[in-house]
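There are structures below to look over.
In the two complexes below, subunit A is the common chain; its partner is subunit B in one and subunit C in the other.
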Partner chain A sequence: MKRLSLFTTCLIILVGSWVFLEFVVGGLISVPIPGSVVAMYMGLVIIAILVHISVEDSLFQEFLRPIHETLVDDRRRLRRRVIAVLIPIFLLGYTYSIIAQRANPPGSPRDAHPSPPLELTYKDEVIGTMQDVVNPFRHYEKDDPEAFKAHVENGRRVYHQNCFPCHGDHLDGQGHFAPYLQPLPANFQDPGIIPNFQESFFFWRIAKGGPGLPAAGTPWDSAMPVWEDHLTKEEIWDVILFLSDYTGYQFRTFGEAH
Partner chain B sequence: MIFCLTQSVKLHGWLDNVLYFRSANLRCRFAAVVLFLILGVFSMLTVADAQNAPEASEKGKEVYEQSCAHCHGTEGRGDGAAAENLLPQPRDFTRGLYKIRSTESGELPTDQDLFDIITEGMPGSSMPGWETALSANERWEVVAYIKTFHSGFKEREAPPREISLEGKIPFSEESVEIGKGLYTELGCIECHGNVGRGDGTSAPTLTDAWNFQTWPANLTQGWTYRGGADTEDIFKRFIGGIAGSPMPAFEGDSFLHFGLTSEESKRLTELENMDEMTEADEEASNQFYEKMDEAVNVALTRAEGTELTAAEQRMYDDAMKIVYEKSWHLANYVKSLMPEERPEPAIGNNVLRSQYVQGGLPTIDDAAWETSEARYFPLVGQIIVEPRQFNPTIDAISVKSFYNDTEVVFLFTWDDRTYTTGDETDETTGKPLEDALAVQFPVKVPQGPTAPKPYFLGGGRLPVYLWHWKASAPEQVTELTAKGINAAEVQEVQADLQVKSTYTDGQYQLWVKRALKTEDKKDLQLESGVFVPIAFSAWDGSNGDIDTKRTITSWYTFVLEPVPSSRRFVYPPLIALLSFGLLIGLRAAVQRKNLEKLST
Partner chain C sequence: MSKKRLYLILGCVLFAYVLLAVAPVFAQDVTEAEYRPFPKIGSRSAAWIAAQLHLLFGSFILGVPMFAVIIEFIGWKTKDMRYDRMAQEFIKLCMGAFSTTALLGGVLVFILIWCYPKVMSKLSGIFGPTMIFYVVLFFGETFTLYLYSYGWDRMQGRHKGWHLFLGVLLNVFGTAIMFVSNAWLSYQTSPATQYGVLSEGRRKSWIEEKLAADPSLTPEGAMEGVTSHTMVPLHNETTGEFMGTVWDAVNNFTWMPINIHRLVGNIAFGGSIVAAYAAFRFLVAKTKEDKAHYDWMGYTGNFIALCGLIPLPFLGYWLGREIYMFNNTMGINMMGSLFSWLFILQAVMIGVLFIGANYYLWAGMGRIDGAEIYARYRPYMITIIVICVAIWMTPRTLSKISTASELSAMGGANHPHLGLFGLMTAKNTAVNIIILTTFLSFLFYRRSGKVPTASWGKVGNIAISSIFFLATVSIVVIGIVGFSVPTDLRVNILTPYQVLIALAVMAVVTVVDILMYRKATTSGTIQWGEMTDRSQYVLILLAITFTSLMGLMGYARSGLREAWHIFGVMQDTSVDAFTPMLSEAVNMVAIIMVAFFALVGFIFWLGLWGEKKKQDATAAAEAAIAAEGDD
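Now for the complex of A and B:
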């Protein structure tokens, strides 16, 4: 079999790398890789090829030979003509598609977990600082399991009378209203949610709802109600107990690592 | 089974030949071993194929109480904490009435039916699918536990009679045409309406076995069919009925002319429509009635569990053959009423684009609307502010738009089963209940993606600009300004909006035209190419929607699509020519260099 020319080899490496990045790696992690990352890796591949062919003058000449031949050699006339037609046609289509493209709305840069205020309030009443407030019923978990169970059960009731159309029967953010809300309701079964927040953060999010978000959290888009208008303080703490009880995740706490 | 036995005989014979046992005793023992092995394999196969739930256990109770009881109640009465807000109500398991079954009328569901509903959920209701949340074992345990709520499961002696899907009539235009005729003839139209939008004349009066209001399915929305929208699913709902709901099973006297052949049925309809009958006609029709009575009686006898005689069985089979045939045609017709999938919501780049036209804008019944692509905005219940709507009856609104140099026109379309114009009043507020629509824009379009928008139900600092339309004033849209969901004010200066609306076969169409620019500072000013937030609210008067009790969408995006730049015909050919020129130039340069090389 004829040995592949250096030019063809380089071309195969280039196309192969792209296919590998886009489809093999993309397929493995089952999400498409962002275009900018692909472009970066492809840039590296091109630099590597250029370094390789330019280390020796003979290599560079070998690399150029097929290009040279295609341009002037009469035996390559057919290939030359095909290329002379294909390249302009490709550029014609490509520039047309760019110019005729419809403008799309700008994406909204939304911070899903914006920083909370320093103070935790319920309506206008100050409960304490965000850092220090703990769930007043959490201690029952150890002290009085019966009372704890009653609070969890109350939380279960509150959840299913108010929260489940959006956050779902299974607390997975997939209630029957959920698919048609932007942003999507929080998924409490996500291991990155409950363990990353203190109970006081959840109290803040529930009590103040979407409109209570700072601007970085795009309060104007959220459908999360201001629950302090509907629920008592106790009900909010109870529903927080229910969230961790049902999912099995523990809220983040401070000062226990001794 | 027979196959297995013959296989085992063959296998035995083969082994016998190969090993050639001389001792009868040995042969006997060998046969016993083979038989034992085969029986073992056979029983394992049966276990793997089992469609029955295990015995009820503590485990099933635990899973039920953790995942189901909040709606269905700890005692299975459908009275959990969430139930008061839900319609359709969570199933009460104690009465043994199950809507979605693969079994005949009057039968309980199979275990597999229960398992499938738990796995897939019930579209169009608040029952989710539990496939990812519970393991298959857990779901089977729940099936077993649910069965303990109704004694009928324990008492039943024979397995339930399943609906046969044999003789399916494939989808074809002819079959759809026949089904369409049956749709009227069998009376489907009375609840489900002329074109299937659930807007029949008896639609608002229906209640279920628990006396809760229930709406007939909107047959054009396959994604809301509780038991799935495959032709087979639809067929099973006909034959088995939807227990506990007003949807009857096609059998006995709930099926038109049960027991008559198609020709006889046609003839009887003719006779019934005659003004005057001859004696012979009367005789003929009486014969038909007798035949029908007999068939209905046989069906009743069968439903009671009494064994049928051979003649009765033949009569029943003949009657059901026609029911099955007609049901397949009807299922094909119903299938033809819905799009294959629920349309995609207008999120991401799929924004509502108003198309530019030169000259006059299309009127409400203009054919030009057909050329425009609709955008689809699913609605959800408003559960943020009291009074809340947990059980919306309006599924979505679809919108099209055109604009020219001075005006913009919208066509809003949505399904509503009833035409309600305020004849009845709300009990708590005393206000008239009526159908309505509101379209919401910001007064000022936010500049850039990080600029604040008004809150989508108001409440922030930024006001919204609203169009409010009511069914009682079908040719009028009122302009409002609001800073909160309960703080809308009618604008003092009303722009000159042109409005037309229609209500046909369970569907509203609203046509609104406005100038792109107005003098009023409280109005939204429109400009081509600017992305404008847009949101919708809809009220269904007959569902008790009033004030904040309504359906809503979150913010979506609308744009007057700019006329495509004419540059698209200039630059691309230029670039193509340029690249061609470059290639030629490159070749010429290389050739020249070669010549120089040769000459030196």
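Now for the complex of A and C:
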């Protein structure tokens, strides 16, 4: 069997990577990958190819040979003509695909996570600094499991009375209101949500809702209500206990610095 | 060096000393005005440019002596004068940049005192004694550097040991200077919730505060239960006044992580600038000897940069951890909120550094006969590195770079699978694998052209391969486990374990490899000077990337304070009390980077100019003598 030229191998790797990202990962295995991320990955594939072909002079010459042949060798006249036709067709098609597609609004320019305040408050009462406040019922987990269970059950009740229409009965952000909201409600089953934040952060987000989000990193467009107007402090802490108990994820805690 | 130039350098250094020495006095005299505008570009931009340029030059002159003294030591022990000459050449570069560093430091102090008198008054009030210490250290460093540089030729032979001692002393002074100035800036970032032991000096004011807060207390009651270990807040909650000792202010949360991060970063940066200088000299070299010399110098510079680069991600991680520890809000702002996209840029740049460093090593193997056997592994190594860089670059939240329909298709701002790459456990795993792969590249480079003679060579290779395999599997498994454990456990146990595994592999494999190749026969020699021009451009790219990266991360470190001069203690009420956009920061960093290379280029050119003039004069004199002889 004839060995493929380096140029052809690189071309196959390039096209193969794109097919893998768009159709295998973005179709068979998972949901579609945003175009910007595919472009970023493809950029890396191109860099990898350039690194490989340019690290040795002999490889570089081997890579350039078919290009050179196509451009100057009379035996490759047909290939040259086909490419000369294909390039404008490709450019035309690409231009058409950009112009012809329907208007696609950009995603939200909001930050990944809102920047929390330094002090945690409930209505106008200062509870403490965001860094130091802990869930007052968390210690029951070790000290009094029965009391802890009662708080979790209360949290479950509060959640199902108030939160589940958006955040879903599996806490995965797939409540029946969710499809009509942008941004989508938080998915507490995601490993990057609960473990990255202290309970005080969640208290702040629940208590202040969308209107309490900071000025920086806007627009937030959050539909989250201001729950401190409807829930007591204890109910908010109980819901937070329920979130970690149900998902199995633990909120972020800090050991001693230094 | 001409006398004129020497006087110019001394003049610049003295000017900077005077500025530093009078800094506190100036600050005390101008406390009336809070801020004064800097013409045209504004105070923040002026301070930003001066500080960043000073830091870049400072990093270079602190980094270079560290490896110069090691190279000199190697030359002394191996009696190979090539090492000695290279170390001397490094120090000559350092000498050129030294006065500019001092001058820029002076300019920075001037700008700060003029534009931010109240801030400087506050800082000099707290850190006054350390500023005096800084000046003393600066004198020590200057004179040690001059003795070290000018005494190089005179102290050859039996005085070499003393000369090396001077080199070590120079590094001690340089490191101490950096530690002192790091205390000032790290205090600005992480002072507010700091606690310290209730000192004797503080006791009286502390009792007064307690009594004012609760009039029913007696002085004795206020002191009840207080021991010599009682921890109290270091700042007055109302006025923000600092009430601890100087050491309390110095030993803040981020001080030591910044010290160590910068110390190692200086080595990497110094190495990369030296390598870029060598690359430039290589590209313009006319003789084979020059090409060979600068090829070797570039290789050494890149090797040093790599040695510094490998532990840097770990040290940066430690700094990040301490920032989270100090203030969770600041941590979230850094990694998940305001500055999170900056860390994607950081990943891109570190990706460039690792890909570039590996590229240079692989290209270097082309000049070693017998290195061909390792070329077949290269495509796999490129693939591993690129996949790991892709993981490191993948953002957690894609809302800013996706269209509305893409977000709907994903079911939210996070991709259900690729979104996992956005979490730290995936990124830490990726960086450890990159580091191990880079180490493997270096191992192949080291082995190229050598054949081991040890009888257990085969067993040694199997052992090394097994170590690499097991380590990689362990790092990946720990990374996967990291998704499902509490963050505290991941940050404090799992991630350090990953790092320790990577470091242990490097240590153990290096020892085994040295033993295996101790009496190796040579199958091919290194053809110094036989490098492609492309590889030299990569060295220049690495230096540019290091410089830009330092600038960007400086923006993050400083910007994390948001609208505070001293976080949580002294608010920024100037017109610049907002965080500049990332695009603005990138533009500023680019301008500073260009200015830095223009200045460095000019300084190096000056050195070459003087050298060429001297060489021309010597050549002319030799020609004249030869002509006389002919007559």
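The rule is short, and it goes like this: the second predicted complex is superposed on the first by the 142 of 258 C-alpha atoms of A that agree within 3 Å, B and C clash if a C-alpha of one lies under 4 Å from a C-alpha of the other, contacts with A are read in each partner's own complex, and residues count from 1 in each chain.
Going forward, a residue touches a chain if its C-beta (ideal position, glycine included) is under 8 Å from a C-beta of that chain, and two chains touch if they have at least 3 such contacts.
Because the structure is a prediction, the values reported are computed rather than measured.
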Which superposed partner A:E141 touches (first subunit B, second subunit C, both, neither): neither
Figure out whether A:Q198 sits in contact with subunit B (first) or subunit C (second), or with both, or with neither. second
Contacts for A:E62 in the overlay, against subunit B (first) and subunit C (second): which applies, first, second, both or neither? neither
Classify the contacts of A:E234 with the two partner chains as first (subunit B alone), second (subunit C alone), both, or neither. neither
Give one of first, second, both or neither to describe whether A:E22 is in contact with subunit B, with subunit C, with both, or with none. neither
Based on the superposed arrangement, let me know which partner A:R156 touches: subunit B (first), subunit C (second), both, or neither? first
Applying the touch criterion given at the start, work out whether A:P106 contacts subunit B, subunit C, both or neither, answering first, second, both or neither. both
So, A:I87: does it touch subunit B (first), subunit C (second), both, or neither? first
Overlapping contact positions on subunit A, where the subunit C interface meets the subunit B interface: 104-109, 174, 182
For subunit A, which residues are in contact with subunit B within the complex? 68, 71-72, 80, 83-84, 87-89, 91-93, 95-96, 99-100, 102-109, 156-157, 159-162, 164-166, 168-170, 172, 174-177, 179-182, 209-211, 215, 219-221, 223, 225-226, 229-230, 246
List the residues on subunit A that touch subunit C in their complex, please. 25, 29-37, 40-41, 44-45, 47-48, 51-52, 54-57, 104-118, 129-132, 173-174, 182-184, 187, 190-192, 195-198, 200-201, 216-217, 250, 252-255, 257-258
Would you mind writing out the residues of subunit B in touch with subunit A in their complex? 66-67, 70-71, 80-82, 84-85, 125-126, 128, 130, 132-133, 345, 347, 349, 351, 353, 378-381, 383-386, 390, 448-450, 452-456, 459-460, 462, 529, 531, 553-555, 557, 559, 561-562, 564-565, 567-568, 571-573, 575-577, 579-580, 583-584, 586-587, 590-591, 594
Which stretch or stretches of subunit C touch subunit A in the complex? 193, 253, 322, 324-329, 332-333, 336-338, 340, 351, 355, 359, 362-363, 366, 375, 378-379, 382-383, 386, 389-390, 393-407, 409-420, 422-423, 483-484, 486-488, 490, 492, 532, 534, 568, 579
